[in-house]
């Protein structure tokens, strides 16, 4: 079920009945079609259609793909940034450590969504209006990533402080290995365990953050809808009776997040050598 | 006398144990320094085993770290006249990277120091493993698949792969069972004669030291209080602290024999006593000991010995 | 006899099957006697202690055997009753003194609390008793140190406090698991002397678990040597340590470094190999792969403890001695 869900999201371009990014395919006279099993519904629009006459099932599949992609990319970005900073801070110590950790503390005192909003907003002002839609995805990834690196940095720093006192690290120093090499080949593999666990949980969080941003209208534009965008669009019609436009993407979001979390749990157990 | 391989000259090492800067500013505290090593001077000679003994906190491990360059001295100098130094650590568990295969662990110094061509590394690793009594196939396994004694063999193989002339061993057998300890000590003795190694052996166990050392240095609160050839030190200990340590070692021969246990304990190293740091526990202490710090003269740092106040029965 | 352990068997249920960590272990400790239980890591000595106290944790369990304390069988008692016995009649000292003390209370409070719970004393009498205990275990200036917290004591002093706590309820049995291992030599000697005094002066039975033969030699009256979950030799310290009958004991004794004044550097006798893992205990005598004196019988059948002159040894070399009787 989990695999089916994630798989469907990944395979969206091949299994979706319609291309939701192609405005030419939209048929305005088919707008507000209810789901197939209700009066006025057709099999062509299985989950109904939205205000633009766009097939909701296709939109959801593609939206889930975008959500998942943005979530994964954001987590990767946060992971690389957080792990590098945490590793360097923990291993070097001194002023660098103090600086990184104070920045982390300051950032932790704000909600992640606020940070993402802030970064997103700054990027929008800084960039020319025409480029905004094109770079919406990268901006979103960076915004979510920057709001999430702290957790990795703190975890990695903590484990690094423990590992660097261990004798195998001392032994590598006696051999004459450079600090960077010790950090990468000796310390890093031994501090990644807890980080991967956080990452699996964070993918779900990142998807929700992305959906929230898109729902608030600062995420992805309706022309490239993610699940959050779809929910926002559908929200306008919730009280005029066309509930399906918002409910189905909502259900899809919940299912996706749940699936990713289950996948993470499974991955964590599979990676733990003690449980094997 | 053989030429020194390593000279430790009036070496001092301080550790900053102050609280974080911000806390200090708020509470108007100064920096606090812990003097772990205090003016230690000694030489390690080619081909010998020099042991450093003492109780926890006496600074012996810090001296070991200074000797291989893991720490820099706060004062004084360390001069190394050989090619390379390696170290063997106490914990057979923490001293091997758990994510690496044994062949990578043992081969790391060979690769990093470019001691062999890439194609020759595997052969060299197999040879090193054989030298410490392991099979070449053991190289494919991970550290957790080995017992404590076998891991310590791996540690020794790694140290040897750096082709050192000085091997500093920090409590290499303290975490091992006695029957395994005997294996490792014998192995180390064999390797020493075969490879012409020089050992610095750090231990709290006087019995172990008496088995393997040529010369023994006794440390107390960061200072070297006695330095003598092993035979002399064990048959005719001179410093009152050395005598106390020897007296305290439980001995199998003395079954059921009553004896007076030594009194007192090591003082807080943050606030060492003035004068001779051993005076609060010393039965021979007088006014001068409380006031004036004894220098290491004729291999013993004790006023009472130097003034001839302690008689040697034997 | 204060403590009698009969045929104790401790098992661990794991995915790979049932591992036997303690196998058919029997011994007894009399009033005023110190029994040393000695062995290398993995021999099962600590588990034997835990089994007697009823402190085995899952997946470990006492699969067979009986524990008798002063003629009362205690291994089948419910947890609550066992807890009461542990506090009142069995005193326990573990290796790590810091872990045995509550960091949030002064040692005086902890001591008084224990005495109040078990002996029902109060007021002035209570205070006096606590101070007397601290003095008994050799804490200098007990009045002044009464209100100190555990972290204000050094390792050796903390272990004394733990012993005082263990003695507070006037137990008849003291179980000490590696009480000197975490301490420096000079502290070790003091703790050894203290444990010995407890047995002599209070008439308590002491079970001293350690890996250190030197500690056994100086403290114990009798000693049980454990190997791979079994007792391989048991007898008086003098007999076992100075005239070991089992090849393992003999090898162990020979491999202990001794201070040999003037003898200089020498090779130690060594036992080849290592103690088997619990999942690979050899058939027959578990020591046979390492034994220099093994013969055919050792490979196939497992020796029980048999009388070997003064002591008992689980070794086929001594089977002939039985046959002659």
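Going by the order they are written in, the chains are A, B and C; count residues from 1 in each one.
Keep in mind that, in the parts below, contacts are C-beta pairs under 8 Å (C-beta built on N, C-alpha and C of every residue); 3 or more make two chains touch, one makes a residue touch a chain.
Worth saying up front: this structure is predicted, and the values here are computed from it rather than measured.
Path length between chain A and chain C in the touching-chain graph (shortest route): 2. C-beta contact counts were set side by side for B-C and A-B; B-C has more. Per-chain Cα centroids separate chain A from chain C by 56 Å. Look at where the CA atoms of chain B average out and do the same for chain C: the two points lie 31 Å apart. For the pair chain A and chain B, the distance between mean C-alpha positions equals 52 Å.
On the chain A side of its complex with chain B, the touching residues are 166-168, 170-177, 186, 189-190. Residue ranges on chain B touching chain C, taken from their complex, read 49, 55-56, 147-150, 177-183, 185-186, 189, 204-208, 210-214, 230-231, 234-235, 244-257, 259, 261-266. Residues of chain C that touch chain B in their complex: 40-41, 154, 156-157, 184-190, 192-193, 211-215, 217-218, 237-238, 241-242, 251-253, 255-272, 274-275. Residues of chain B touching chain A in their complex: 65, 68-70, 85-87, 89-91, 94-99, 105, 108-109, 112-113, 155, 158-159, 162.
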